[in-house]
Amino acid sequence: MSETTQSFTDLAPSAGAKFRQRTLPILIFAAILFAIPMVGPSRTFYTLAHQMGINIVFALSYNMVLGRGGLLSFGHAVYFGLGGYLAMHAMNWIEDGAGIWGSVPMFLLPLVGFAGGAVAGAVIGWPSCRKAGTTFAMISLGVAELIFAAAFMFDSFFGGEQGISGDRMNGIELFGLSLGPIDEVYWFIAFWTVIGVIGMWAFTRTPLGKLSEATRDNAQRVQFIGYNPQRVRYLVFIAAGGFAGLAGGMAAVNYEIFTPDALSLVPSGFVLIMAYVGGITFFVGPIFGAILLTYMQSMLSDFTEAWLLYLGVLFIAIVMFAPRGIAGIVFGFLDGVRGDNPGAYLGRWLMRLLGILLMLMGLIVLVEVSVRWSNGYGEVYEPFGLHLGHENVLSWVLVIVPAIAGVWITKRASKEEEAA
Amino acid sequence: METIVFGLLNGVSYGLLLFMLSSGLTLIFSMMGVLNFAHAAFYMLGAYFAFTITGSSSFWIALFIAPVLVGLVGAVVERYGLRRVHPNGHVAELLFTFGLAYLIEEVVKIVYGKTAVDYRVPELLDFAAFEIYGASFPAYRIFVIFIAVAMLVGLWFLLKRTRAGLIIQAALTHPHMVGHLGHNVPFIFMMVFGIGCALAGLAGVMAGNIFVTDPAMAVQMGPIVFVVVVVGGIGSLEGAFLASLLIGLLQNFAVGINLKFAEIFGFLGMSDLSEVGRISVSSLAPVLPFLLLVLILIFRPQGLLGEKEL
Amino acid sequence: MTTPALSLKNLNKSFGPAKIINDVSLDIAPGERHAIIGPNGAGKSTLFNLISGLYTPTSGTVALHGRTISGMPPHEINKLGLSRSFQVSNIFTNMTVRENVRCGVLHSMGQGYAFWKNIGSNKAVQQKTWEVLEHCALTDKANVPAALLPYADQRALEIAITIAGGADVILLDEPTAGMSHSETDRAVDLIRRATEGKTLVIVEHDMGVIFDLADRISVLVYGEIIASAPPSEIRGDPAVREAYLGDEELPEVMA
Amino acid sequence: MNFRKTAILAAATSVLALGAASADTIKFAFIDPLSGPFGPSGEAAYTSYQLAAEHINENGGVNGDMIEIMGYDNKVNPKESLVQFQKAIDDGARYIVQGNGSSVAAALIEAVNKHNKRNPGDEVLFFNYAAVTPAFTNELCSFWHFRFDAHADMKMAAITDWIAERDDIKSVYLIGQDYVFGQAVASAAEGQLSEKRPDIEIVGNELHPLGKVKDFTPYIQKIISSGADAVITGNWGADMQLLMKAAAESGSEVPYLTFYGGSKGAVASLGEDGIGLLHQVSEGITNLEASDEQYALIEEYKERFPDYDYYYHRVWNVMDMFKKAAEEAGTNDPIPVAKALEGLSIEHAYGTATMRAEDHQIQQPLYISVVSDDVKYGVDNIDLGWELVDAGTISMDAAEQPTTCEMERPE
């Protein structure tokens, strides 16, 4: 082959491939965002979509640190929160209209958030990025606790428990959007989500983005190709802080309020789960994770009070059985179907799916029956008109039989795969 | 004088409680490299198991059985969960325990209900041991100190005087060496994880009735254990002991100091009307450990007595 | 006399009580191919780590083209034109071969820590990456993830990354370790071509490779250089023979 | 539990019982924690709303319409509350009820104000049953917000009133959480005490970080060595329970006057040690003299929801006042109901409650009670319960506080 390779251009993907792999997905993503308002969605849908947009940017920014940079952070919400707080103050400055703020459109607030997150990243990253690994993780934990505690001490910036609130319908209108009604906010969120996604994708294509991956893989070797890994980590950390701040700025406009909870360990843990469940080795992984987990967080609690338990099970299942996350499952499936023997692959895949669904069914019956038993309000789990009390033998049959069948089927699918 | 005596007494008793909780994590972390986020969840299990056993028999039986049960749960978790995740690296292991903490809390809520259970100090020890400056010091706290010291001695004996202990000790400082020694590494890991969890369970048995036994107790204690382990230094039980006492004393003495920043830094022109000036040392006490954690990691990453960096 | 490309003066390194490098002094002229040999545990890798900045010397200095580099961090030393490879393949496993080499190229092309440029649009970087790949016969594997490469190709990639930055002093740590005969021949050929006109310092166990490549050989035993001379003289040196007594490789080649 | 489904089910059964099939439903969105660490406190209120709504529905509803309580789990997070708020509006809710967390209440007040401004004709009302930050009916007051709980300064007024009558109390120690609420409680206590009993010395004013203290023993020892005759705290949640446990353990014997001593699990965690130690201020306790219907209600609640106790008496006030206002207005639409609520009074089981028109703050008598083992109704499924202390009834006038509210009313 080497004889036929005449120049470097042959090594790079062709223009067509570039379009298919890089431009097209972004175009499709933008087209979906553009099409959503056409179907006349409800407020709930809009609200969820906004939350998803914000979480997509937030989770992607987290993955710049974890997936691309190999740094496990327990305090990423600090940058989201500080960027958001700054944007919130800027919102109020715009309302006051004093000085330069009178001429800043509300639409550009996420840029203020970006600046806030990046500055916070620059200050906090300075001591913490000197080390990677567990040291970094522990520093991020300690810093997150300290900042959260500080949030309740400095009311002038954080507004105490009630936080800082503002009104987004001020300042100059951009693109004819007053940002009042929820469908106008949609365009704002959609615009910045696309900007955030493109921005972070572009970052992976820059020298610094590549060096970040190199540092993750082998920090020692990076030193011997002329780069300082600490500096690479530090710069990536600032950029990630900036994009987290961008998401914070989006949240500031969307919710018009920021409270200290936004800085706590809870959202920091949640963004970790979003990114990991989505798949940290893929650029799009955190997008999947953000969409799924945002949905779970806001909608699953309508159906079951044990939603945190299901979330825990999902997370552990992903860590144990699908470390490449949902994106890994999706791309693995696509590869398999395009593989040598798609029929057999699909068969195994369906079998495994069946097994997983059966196990899930057992789990759901177990959890729902137990939760009601534990509450003691005399309620009974009644799916599809069945009456599944804890004293009903059928309940326990419906737990054990599907669970065992599910385990057996999945095991068989795995064996077949090994054989294939 | 009162401040000093109270600070010492409470600092030591709280510090020893922290040591009970963190010694297990030190073992696990040093040897397996797993930052067990679910450690505090095992502590909670200890308290709940003790509550159940106390209900059907007595506290004294619970004192022995509950930690063993927690240890068994830990061993099972290691065998069927952690071991599977191990090939994917430390981050995956850490995330596994992260999810496990969620899961244990939710299961506890289903089994024991969402609110606090009535887990009491045993009647035998429910009296004031002595009284100083009008405040009584409960006998149970003395018992806690006694148990913690006994545990320290027991651990020390196990590590320095038994063959298994020597292997574990070697593994603490040189984890990669143990495989070469021809020992059954997975089995050792399972044992260490189980023992570590049992120690957390013991702490739960002891602390659940001093504090409140409810599903939030794990989240409450979670982060502070890491502080102890990291500040103490990897592979060093002595370090964890020192760090526990240090943090216990630091917090308790800070509570006794009513000075505000404005009074300390008044010479810099700080007024007690400013937000920074209004902060008092005692109000900072509970966040001091985290400050200590960050400072230690920046200036002495190997911890107080650790031999290697994280 | 011209300034030596690399000059070690009274270099010492101790780890606690253990003295690993003992008063090593050595000058290597520009363009020279210098081999360092010695029994296992003699301190060869430690010496490389001292030169490349991974370790700081206990005492003594290292100078690159007359400029003291000891005490500098590795990335600064690399910027001054010294590059090294590793005994155990030390590559970016989750990236493709092309990306690996490109990372090595970046710095010399003035790309710095840029986050405003597209890495794919810089023609000079692409051109240079391709040249290095071609040099190391890796073009047909350019888009393979590095972790999936066969061993010999990983070693080639190791060298490719080392030379990619265009350093004029190259340190190679056992580049042919663990290779078969034919693979070794290819590797030697590659090293010869890749280091044309550059200063090369190489640690090797394979004496065939050494005597084939080197202009001068230094023998390191227990942290001390006991001889430093052209290959022909080294063959007859009794001190070297004594040091290698019992070692199977050297006598066989020297015979 | 499928909260929404259960509530619908409850509403549906009561509709069937009446045989009135044509009635509309009035949708109340209950936005509070229903999972996670604060789940229990949300659920205790949620179950109260359910029972109150059932009773109203059984008696013919409001203007012939049935009430439906829809549960939305906000995880005590302000942002999540706003998401749930939008969901509630989508589901047709015109009344929002919430109580846990001033941060959430502040976010909801803002959100409701903005929603009503931006969506005329679709107004919603916010019934706050437990968020006590005084600002909500002072500088932040809103026409759309009604508070059915005494705010922090009113509760403090009740506590200081009681202390003022106790000549044996010469010194007081203040301890609270270091954030807006805790600070407000401390300054209210200082201000009111110096006015009512200038001779009382405040021997300590301690603020500790919110939810971070594991062992309160050192704080208690500071209290003991200060020689205080009484302690006032606005602590809630774990900070309240751990404080009281440490107090009991260290043999502290002075009264601890708390806002939230009645919260779930606090009495149980103290056990007998709480007797005579733990005091609370509230708008009613189950062991007050009351009508047989009230006793029956308390017993029915306990039977239906054995995990919880009849604690949220004010939930019944919310629902009864709503019913009365809507019937006076002759419609269930929010704006007329809001106008009818202004100045409305009802007689509830433990006194008269009046919704003050100028700031939408309820005014009612308050009660100071203490843990006792000689009670009709225990709490937390043990034999201990709350008993009124001597002179523990604080009249409505004594608890009333001035307001700075300047309310903007719609045309």
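Odds and ends about this structure:
Letters are used for the chains, namely A, B, C and D, taken in the order the chains are written, and counting of residues starts over at 1 for each.
In this text, a residue touches a chain if its C-beta (ideal position, glycine included) is under 8 Å from a C-beta of that chain, and two chains touch if they have at least 3 such contacts.
Note that the structure is predicted; figures quoted are calculated from it, not measured.
Annotation of chain B and chain C: jointly contacted by A, touch as defined at the top. With contact taken as defined at the outset, chain B and chain D are each touched by A. Each chain gets one centre point, the mean of its Cα atoms, and the points for chain A and chain C are 43 Å apart.
Here the spacing of chain A and chain D, counted between their Cα centres, is 36 Å. If you average the CA atoms of chain C and of chain D, the two centres end up 74 Å from each other.
Chain A and chain B have centres, each the mean of its CA atoms, that are 32 Å apart.
For chain B, residues that reach two or more other chains under the stated contact definition are 113, 283, 286-287. With touch defined as above, residues shared between interfaces to two or more other chains in chain D number as follows: 39, 178, 209, 212, 307.
Residues of chain C in contact with two or more other chains: none.
Touching chain pairs in this entry, ordered by label, are A-B, A-C, A-D, B-D. The touching residues of chain A, counted against chain C in their complex, run 1-2, 5, 7-9, 11-12, 202-203, 205-211, 213-214, 216-218, 220-229, 231-232, 235, 239, 281.
Interface residues of chain A, counted against chain D in their complex, comprise 42-44, 46-48, 51, 149, 152-153, 155, 160-163, 165, 167, 169, 180-182, 251, 255-257, 259-262, 266, 297-298, 301-308, 371-372, 375-379.
Remark: chain B residues 35, 81, 84-85, 88, 90-92, 94-96, 98-100, 102-103, 105-107, 109-111, 113, 223, 226-227, 230, 275-276, 279, 283, 286-287, 290-291, 293-294, 297-298, 301, 309-310 touch chain A in the complex.
Chain contact summary for the complex, chain C toward chain A: residues 52-54, 73-75, 78-79, 83-84, 86, 90-95, 98-99, 102-104, 106-108, 111-120, 126-127, 129-130, 133-134, 137, 139-140, 142-143, 161-162, 164-165. Chain contact summary for the complex, chain A toward chain B: residues 72, 127-128, 130-131, 133-135, 137-139, 141-143, 145-146, 149, 153-156, 265, 269, 272-273, 276, 306, 308-309, 311-313, 315-316, 319-320, 323, 367, 370-371, 374.
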